[in-house]
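Structures for review follow.
In the two complexes below, subunit A is the common chain; its partner is subunit B in one and subunit C in the other.
Presenting the complex of A and B:
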């Protein structure tokens, strides 16, 4: 009896919808280009409606796929691979983008939504180029659709018997942050397509005035916001879910989102120069193209296997080739159009002074571009090295940090300094007047920090091993400088506004922000970035320890089937005495292992440790680090960390291993100073973006209201500010890690434990380094198990434990009494591993000078070029015949001057 | 106008029909499921919405492609060409913003009085040039010389009116008002006053002959100049 192929009407209709969308997209490309080229209104209209129809068809496909998830249509392979019946509805919906095929469809869906809005808003304003814009968007859509239809169709069904149950979503993705992280990041990626399309439309149509710039600036701001949001959410997910105590590891997939963030930020600044001075037209077009290109490149990286990452979807050579061809087409067409229109784009670059806002923006742009290219180089270096000599050299966080830290500090400084500079030039006297307060405050804070917090004087290598500076002190000082500078801008602006309007300070501040939304919204964003850096600084002072406790305070008595509490006082708020064997001290905290709780449900088996944290004898919190073993989630259990959040530092507890019978538990504890400020910094950044995006109509409405009493105006102001800040904090207060299941009696107790060695001690705690040389060596060697690309020091698997033991044994045989001898011992360990594993791929950071040399050369070269170009432009600017204030030559000019004054009065 | 309102009516008819079909479909789907809201039902309804929108937009795609345009598809009817006028408008707005920015920077202490005066003066001069060019574009080349003279006359009449008022009540001095940056005007007023009255008288008849032929206008336009020369000699 032959089995019939499973039939899924959803799959059939879904595939047909994709095919129809493909044909519609092709029509839109043809009609759009022909319509604008031949100035045919009906063809352009047809292409616009075709774009809307395309969006509706993709919406239909998305709805059908999600319907398949919620109705458990396991005849569809994608549904069976990423879903199961016991999953909650939310995770079934998010499974849509959980796999490669669905993520591509999700990309097309989000771009369809965005492009519908963008075209609907702009098609009347840009009739002469909207056809080209539609065609460009549709080319991108058709490319992704061709991937879907011909190679990665999410509606593919099983050829034979369909399974009755799905495999379920990767347990690591079953987390609140993973529900919102991919959509936000994809939204950021997709939003970069709109400015690119308008740029191409402007080039193709030859309409290169600034109209296209004002249309795309908002979309680039949206792109910037969602990229920021996506990156922060990804960091938050990594922090809560992966259990390694950090939030950013310079993973290739993380870098894929960061690179377009740099170029989008650069564009937002250089667009201001084009609006103010009419310069940098080619530069802006290049940035728009580069941002879009990097989003496609990032998508290529994560889906082609070009880089290794825990986030990557895997290796696919056919997909890689398709992406490479598409990226080549993007570059050829974009560069070709820019060259073709170069005569309309060239402007004489002139600046009048190095101490001008224009020059500060130019430096800012170059550094952002340097950051983007450095991250690109470092991310692709393992692939490049493998292509060159067959060995895949790893590039770890240390390599990135040595370059990105100083570049970041320079950018941060510019974030504070540029607002203090005037357009065109700032005289020496004005320079002193503007910089005095922030500089004095910074100098004072350096002195206070150096004395009050000597740990900030710790030297950290930057750029190269030999160049060591007190980086933490510099960063903190720069943060304070930015804060004082922005504060001064707000204060002085508020006072000016107050003099102009006679309002109270609150109303003046609100009026200032509403009338100059872009400027002051930008200042708030700068402040948010400074607060982010405050969170970054804390990373340098994180502490980590591994402890094993043989038995909890409360032990389960199997014979009696009841719990026999060893100590009665565990519920009280002060640290009970006599618990030395069940507790350990780390930092200022005492951790008391209270009990081990085992639970089970349809999805998973959970083993949870209850740990009390005490500070100065008082109970700070009770936390529940856990291991969850999903029934259908693969072999590896997930780590559920427990975090006690404080503004000064987080206490981060991980259950790395346990023994259920005895109750033995192995803990890894991190103390992460200042990490909460990373999340707070983003919230401030989001507030700044909201202010920038406030519509002009709102500003007009608020300012046009009839005059009221001062109290009334202040109340209005306070209400508006409360609404805006409240909305921002609402984002900040969203979810935290899910609370653990209540300690119900276990339905079953799986035998054995998890993460335990033969000695009964958890792997993570086994063979910890005994001296500095061993610790350095373990931190510079990657664990060969390839789990999360961690170092031997960090990894908590059995391989890592064994290798730590080997390293300890090697170091023990050598003399490490002096720093020089310790260095020799360290080098010999590394050499042994390189010989054992056949190359430098086992190293966490490259040792050869080649990868270090290239960024060095590029940085010095770029700095030299920047100085040379800047000097040339300034020389040209000073030599150019100055536009003088010509005397009014006729009486009629006075009439025009009066009209000008009237228009100035209406301009805010 | 009638065509415009017809288009609007048709647009509302289409949207109304769309809404009606949507609501009827949703009610039917809900009724089939006893109005029990479940995730599958929600996505069926969203799918139905997508189907309706697809049908509508694909029909509009085809209809637009084969539509007969009532208007000429040439340049004149093709959207709203910006061209030189658009560029000048933008430049004027840029100058206005630059002036406000410079004034704000002055008050914020980033610019000295001298620097601000110089920058604002430059921007104002350029803005006035741009406004002149905009006026020329609006009027076209034919009326340029004639209309320029008309403006000149109007401005002189206005100034003369102000001067009469000033004689009766002296004008207060404006300190940091932006108009003070156009300081050249005061000198021009003083020099040209004696001639202005005569010129105004001479040009008045010109105003009465506005409907004259271009040739007559050209002859008339030369008259004020001649009168000025007579007055100066």
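Presenting the complex of A and C:
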């Protein structure tokens, strides 16, 4: 039972945990710096353990806030502002990051989690600098925690009477993409802190060899992955939910996530140069600082209201000032330390040739930096112009596209070319050997494309209006070049490995990828980026139209004698004749406006158009674009788009307006060529990241066991790859899966006997609670229909309606005139249900903790089992190589393996 | 400092400055100016804005909306007013759900001579105002709704549920 008084034990304990964490954080900063500066192991250990304690306290706060959401503790303002009782538990949990206060706590929580892992893994390796690393992380934590405690405490309670019901989450945000998109972006942002902390630790301690780089590479890759994932999920959300037909609009919030993505990508490449050639030490430090700075700047830009955005989080001058001070501190400390240590940052040697891999990486870095600064400039354009001459001037998406397209094509070309170049210098002979096949293939494909698809010759302006080039053709040719060059790398690598091991091509290929995960995982990422570009090319051929149709084919209240034959005709798989006024042709498709359906349920009124899409006279799909007007969603209806997904193009139908009485409907239709390849490209990119992140022990286990039989070996490697692909798809399938509109019509159709008709006589509307006691009982009893663990109060099935009637009848017989008597009545209803249905499983929140323990124990048991099985597997994997030491020398040192590969190729 | 190093620095500075200059130069072509109706009219030099992409912000004058479906496309015209100034806007296609009399609207489009839209005005049965020589040919209408993405803001005025009054 939830107390409605403004006192909340959850809020008290939560705030105390935050305060304790704040003090712990402050101690960690002092102990970490003093420990490393005075070489005191005890102080350094103290800061490390302080960081673990900090993580535990923040974990407790996060758990308490989630508990507050689940138990409807509306005494807490944040809970009341972003949730309501009828929301599903899933949305209640995710409402944690639905507003600014909670998202700040989420930020601190994720950073606490990451830093605990990063420090636990590295603290023995980096004794000389780990105190500084902990102190840097804790400065960031204390900054966010101070925002939380002093201005945005998510545990703030109402001073006077607390509301008995929350305000709920914006309907636009009650969407599965939105559930995972913000935490994914935050996770990417937060992961950038770890490399920054190690960079500062290295600078402060003066340990500027490559040790710190090896510790942060993984974290930057995690940062890169989550930023990519967050950006693509945001795009998918916009595509499905906002109804403007696209997935990217160069909005400041999108750009805020993209800028650190560019610098993180640049670092992932330049770090390899430092490892291989000992160069670009300052540059790498600048990049980790810049990536971290841009994550903070992006947060500042969008949260402070400094830049206008559709996301419109609102202006907050105090928050803006706090961020400005923090950003200034970051820059002053970082630049100051780099200058202070400049003598230790001298680079060994210079670039020997333009035709070297390091030079290609350098150009890649310049372009990525140029991209980041261009996006920054264009995003800040309104702010800059307003500061200069007082007028509000913005630049549209067209300006971004004109600059980013050519820069993107250069990057894409480098993604194909750099893997073909050797370190230091590529000899002419090798240049020919490496580039001949991809270049010849690309040249041939340009000719074929120009003749077979003349639309690719369409001239598009880049940079300025006067400079026009067949950009689509260039991009397609570059995609083919990347595909061929990466394909060639895999092929040659596989052939070398086949000669080394004598195994079959499939096993050789998998063994190659597992033994040199970073290299080949990186190539898979390049391939994913190329496929993403294929999706981007489609944008140039996007078509859009607006149509208004005065009346649908089936008119409301039409006599059955005319309606039934029409329904039968429309149900056929071929286009019926005589519907010229109810249909329109666009692209290759004919769209028939079949009928307008008006429905409503407890949450919303929905107006849905039923549209048949025909291709070559055959029915392709029936789609249901709609507008939903939430009862509690304010004045704005949400647009529910209908997308028919095809590999070649999406047909995207939006109901942009309607008149219920006449049946008139406005449609906006987009034909989006190749858009599915954006999601597919991301899946390939995610696979590449997983290959890069595969633990060495797992790869060694598979690679090092002596082959029993070829088939057995192939099965082993196949199993590992299946696991990798499975894990990738499990995460990325969300991005790939575009639910065909035809699969979701049930939501839009009149719901027959079960549903709630326009007149509001459906089951959900029946037997509503007659007083507070009845409502409380209904909210605390689960519906026996097993429909998603909903309560009798929420559920819209017939059983729930019947049980509500039963409760109303029971309560009516009891005295509820005072709160005490009402409580007695409530208890007696619950006792009756428990007795009738044989146990406390009927309760939404069981009183006994036992039922809760079972899934918890099962989860812990499963985790324990996994740990022991995994550990045993890894131990066996480690033991195996000892028997075959000569075999694994080729894979133990990846750098050596790379060089060996290069040499082997040269001898081919 | 060695000559080679100086050359490198000079080259880098030249590339950066050249790139930045070109960036600013190209941005001018793409600038979308944001003007309130009275701000735009009071510049006096409407011809100077002709052909440029503008975002014009004002309120729809009550009773001025005229809509008609022409070959499956909805055309409309209305007057946008602010601070005593007004300008006529033409647009086609969808409109925001909250577009109605007196609603606050930002019309994105180009400023063109009123005479160029005479055909559309005639088809809609609207007489062009003689004192408004320029009209906005809008490609997009956006209803101002600053709180669209903020759940708490959107719902701030909807705390009207009366059912949850436990035991009272």
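Convention: the second predicted complex is superposed on the first by the 700 of 908 C-alpha atoms of A that agree within 3 Å, B and C clash if a C-alpha of one lies under 4 Å from a C-alpha of the other, contacts with A are read in each partner's own complex, and residues count from 1 in each chain.
Rule of thumb we're sticking to: a contact is a pair of C-beta atoms (placed from the backbone, for glycine too) under 8 Å apart; a residue touches a chain by one contact, two chains touch by 3 or more.
In this text, all values refer to a predicted model and were calculated from it rather than measured experimentally.
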item	value
Which of subunit B and subunit C A:49 touches, first, second, both or neither	first
Partner chain in contact with A:772 - subunit B first, subunit C second, else both or neither	second
Contacts of A:424 with subunit B and subunit C, given as first, second, both or neither	first
Partner chain(s) touched by A:24 [first = subunit B, second = subunit C, both, neither]	first
First (subunit B), second (subunit C), both or neither touched by A:550	second
Partner chain in contact with A:806 - subunit B first, subunit C second, else both or neither	neither
Which of subunit B and subunit C A:64 touches, first, second, both or neither	first
Touching partner for A:464 - first (subunit B), second (subunit C), both, neither	second
Set of subunit A residues, in rising order, touched by both subunit B and subunit C	none
Complex contact set, residues of subunit A against subunit C	4, 81-82, 85, 98-99, 163-165, 167-170, 172-173, 310-314, 370, 374, 377-378, 381-382, 385, 391-396, 398-399, 402-403, 463-465, 546-550, 584, 627, 632-637, 654, 656-657, 666, 668, 768-769, 772-773, 775-776, 816, 819, 822-823, 826
For the subunit C and subunit A complex, residues of the former touching the latter	19, 22-23, 25-27, 29-34, 53, 55, 69, 72-74, 92-95, 97-98, 145-159, 161, 163-168
Residue numbers on subunit A that touch subunit B, as the complex places them	20, 24, 27, 31, 39-43, 45-46, 48-50, 52-53, 55-57, 59-60, 63-64, 66-67, 70-71, 89, 92-93, 127-128, 207, 209-211, 275-276, 278, 420-427, 429-430, 433-434, 489, 492-493, 496, 499, 516, 882-901, 903-904, 907-908
Partner subunit A, residues of subunit B touching it in the complex	39-40, 43-44, 46-47, 49-51, 53-54, 57-58, 60-62, 64-67, 69, 71, 73-75, 77-82, 86-87, 90, 94, 96-102, 104-105, 107-112, 115, 118-119, 121-122, 124-128, 131-132, 148, 151-152, 154-156, 158-159, 177-179, 181-182, 184-185, 187-189, 192, 196
